[in-house]
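Per-chain numbering from 1; labels A, B and C assigned in written order.
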Amino acid sequence: MIGWIDTIIQGLLLGGLYALFAAGLSLTFGIMRLINIGHGDLIVLAGYLGIVATDALGLNPFWSLVFVVPAMAVLGYGLQRVVLNRTLGTDILPPLLVTFGLSIILQNLLMQLFSADSRGLNAGPFETASIALPGGLAVGVFPVLIFVTAIAVIGGLQLVFSRTSLGRAFRAASDDRVTAELMGIDNRHIYGLAMAIALAIVGIAGVYLAIRTSIDPTVGPSRLLYAFEAVIIGGLGSLWGTLAGGMILGLAQSIGFRLDPGWGILTGHMAFLAVLVFRPNGLFPKTRDR
Amino acid sequence: MSLIETRGLTAFYGDFQALFGIDFAVEDGETVAIIGSNGAGKSTFLKTLSGLIATRAESVVFGGEAIGGMAASRIVGKGLALVPEGRRLFPSLSVEENLVIGGYSKRPGPWTLERIFKLFPILAERRSSPGTALSGGQQQMVAIGRALMSNPRLLLCDEISLGLAPVVIADIYAALPGIKAEGTSVVVVEQDIGQAMKVADRVYCFQEGRVSLSGRPGDLGRAEISAAYFGV
Amino acid sequence: MSQSTARYSVERATRASRVGAVVLLVIVAAIVAMPWWAGRADIRTVTEFLYILALAQMWNLLAGYGGLLSVGQQAYVGLGAYSIVVLSLKLGLNVFLAVPLAGLVAALVAVPTAAIVFRLRGAYFAVGTWVVAEIYQLFVANTASLGGGSGLSITNAVRGIPAFWREALTLWFAAAIGIGALVLVYLLLRSRFGLALTAVRDSEPASESLGVNVRDIKWVVYLASAFGCGLVGALIAITKLRLSPDAAFSMDWSVIMFFVVVIGGIGTIEGPIVGALVYFALREFLDGFGSWYLIVLGLAAILVMLTSPKGLWGWFAAKYDIRFFPVQRRLVLGDEAKESAS
């Protein structure tokens, strides 16, 4: 019994990491209807940036965030302005193909630079520290930190959306890009900022991922799939829905792993398919646009 | 010098030419109406002025500057605002947010949220409703208010009476003197010739992408107008 | 001849298309005779070229004509490959008899798959098909009798077939599938169905209103493409003789299909041929530089997409007005009509 409660807690906390993977994807979809196939590889890139920065600084890996997050934001803005803005339009092939190409290029460049060997970040005893709960349960400090970060990030995004001028511009550009231009909103710039925020979050997610497990250049695509599944399960366009979607995915995987170690990923995918079959608009839909 | 002037303005949708050499001008403080049947190119003309459709730079001169083909988002900041056909409010923004985002370009001037609410008091009561939950007439008020929030020197209104009841149209046109009083020039595109003649200092009639007639309402005869309008 | 037909005619053949037909026949004859005149390495390369061409043509049919941007066709390649394990290795069926059955298996699995992924549109369909491909891979990897995650050898299935005949038959099958895919897509597009397909790609709502059943068309295209990918998968299994879920269901198949079709020219029949040639040239040229050819290929695909979305062939055809496989109907004015027009 304790074992199952533990499994559920682990799964829900894992959802925090998936929500961090997914928040950027949810954001760029919501604002510009863009699905970035290279999203997972960018998470891995951020992980490697964290490794490089940590090696160079010789400090605790969490300090690398100070470098990785702004670097990813700048990369996001540049990528959107120079490449991705040119792909946006009514045809979905260009954004899909271009981000797919980006994914392949990133994977293979990382392979050339860092080889296929797995690498990770070592955050010392913090990684394995845990808090004892009543009933003989224990939760890891780091998983809790990841989860709290996810809540903070999504809460922060929600505040930006509802309270700031930038948030209004995001929503306006998402509703009607032509009329947004008439308000003086430069969509190309706004989209650049959206991608900058998305990749800043990817920066956090990548460093956390590298601390949590080891990474190699090929693990990006499955991270994209988890992120995508969290977004679809939660319902398109809803940020809190994305967090819930991440938690459901984490829970499904964690239950699967407990049943049979080979099945963890599979049960996650099956949960996604089940949502697709029974609730095609996700559990907490906001927009009906697919 | 005119506030805005176009010389030989042309516009295309792909290979299809929609406007063939439009000569047009609005003076400071003037109200100008553009009339014409469906497909005459009126909306295309307003979209071209606001930067949504490309054209040669020198074919539109606004406040002494060639702005043809400039990005729409830059043109607003220069003091030219469009109330688009069909109102096009942002569904995920409230009435107040729709108005506030109209001032995104931060152009200084007399119009503030409070002034808009004074002009259209009903909007103050509905300020936190979603823009699209309002009646057609109220939505039109938001669309006009939103354009005014950019403190334009020239306000372009595309078919603001379309689909509205006569009493509502009267309400909306009643706001026009208040807008003119701030020195704002206005261009209205109207299908209703009577309405256009009532409010305008000058009238242009478009037909098949060309100006078929222009002049002061008093100087134009009924037969002359219907010839220019219908091309008979 | 009545007057109306004298004024214009609807023409579909071009001079280039007649040349194309002759050239194609010569090439087919040369390929079929390869086992007697070419070396083993060349035969292998041509075999690979042909199945890559078939894969590209299948994806072209799906995405370029059907508007279904799948990133999950590796599911059917993998299923086709593993069908050989079941049909030949386990049940003892001759591998070459098993190849067409493998295609059927893939098409059969595509039925429930389509029922689910067709709920998604556009980019969501793309990622959804990818998830489904992962699911099939994980199922295979979790099935111990199929060799589990580490895979298995299928050498036993081809035991007793002399190497010469094995390679010759593989080549001929690859030729049948590669050139068959080309001809099939060509004939499909020239039929009434082809017109409907083009209408669906150009505007789904508009073609609905014209009485084209969009759903049926998507089903036909999706199942046909799964069948083709299944055949190729089976053939790949016979060539490689060693299978693992990672390789059989590899994302690389989708990568190749995407890049070959986009670089060559999506929505054209000639495009995938051009793209496949570019792919092989790049791979040979950058041989020994590890995965750099994939980086270059990715950059090339992005560049083509941003500058010339109809691909190398689309650019070439528009510039010189050459079509080897004309599928569009062209209105040709007769002399009388030309005179009255001028």
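The rule is short, and it goes like this: a residue touches a chain if its C-beta (ideal position, glycine included) is under 8 Å from a C-beta of that chain, and two chains touch if they have at least 3 such contacts.
Note that the structure is a prediction, hence the values are computed from the model and not measured.
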Topology of the chain contact graph, where touching chains are joined (line, ring, star, complete, other): line
Distance-maximising chain from chain A - centres being C-alpha averages: B
Rounded Å distance, chain A centre to chain B centre (Cα mean): 44
Centroid distance [mean C-alpha coordinates] between chain C and chain B, Å: 53
Whole-Å gap separating chain A and chain C, where each centre is the average of the chain's CA atoms: 33
In the complex, chain A residues that touch chain B: 165, 168-169, 171-172, 174-176, 178-187
Interface residues, chain B side, partner chain A - complex: 50-52, 71-74, 76-77, 81-82, 84, 88, 90-93, 97, 100-102, 104-105, 146, 150
Chain A-facing residues of chain C, complex: 63, 69, 71, 116, 119-124, 126-128, 130-132, 134-135, 138-139, 141-142, 149, 251, 255, 258-259, 262, 266, 290-292, 294-295, 297-299, 301-302, 305-306, 309
Sites on chain A touched by chain C in the complex: 35, 37, 83, 86-87, 91-98, 100-102, 104-105, 108-109, 111-112, 221-222, 224-225, 228-229, 232, 260, 262-263, 265-266, 269-270, 272-273, 276-277, 280, 290
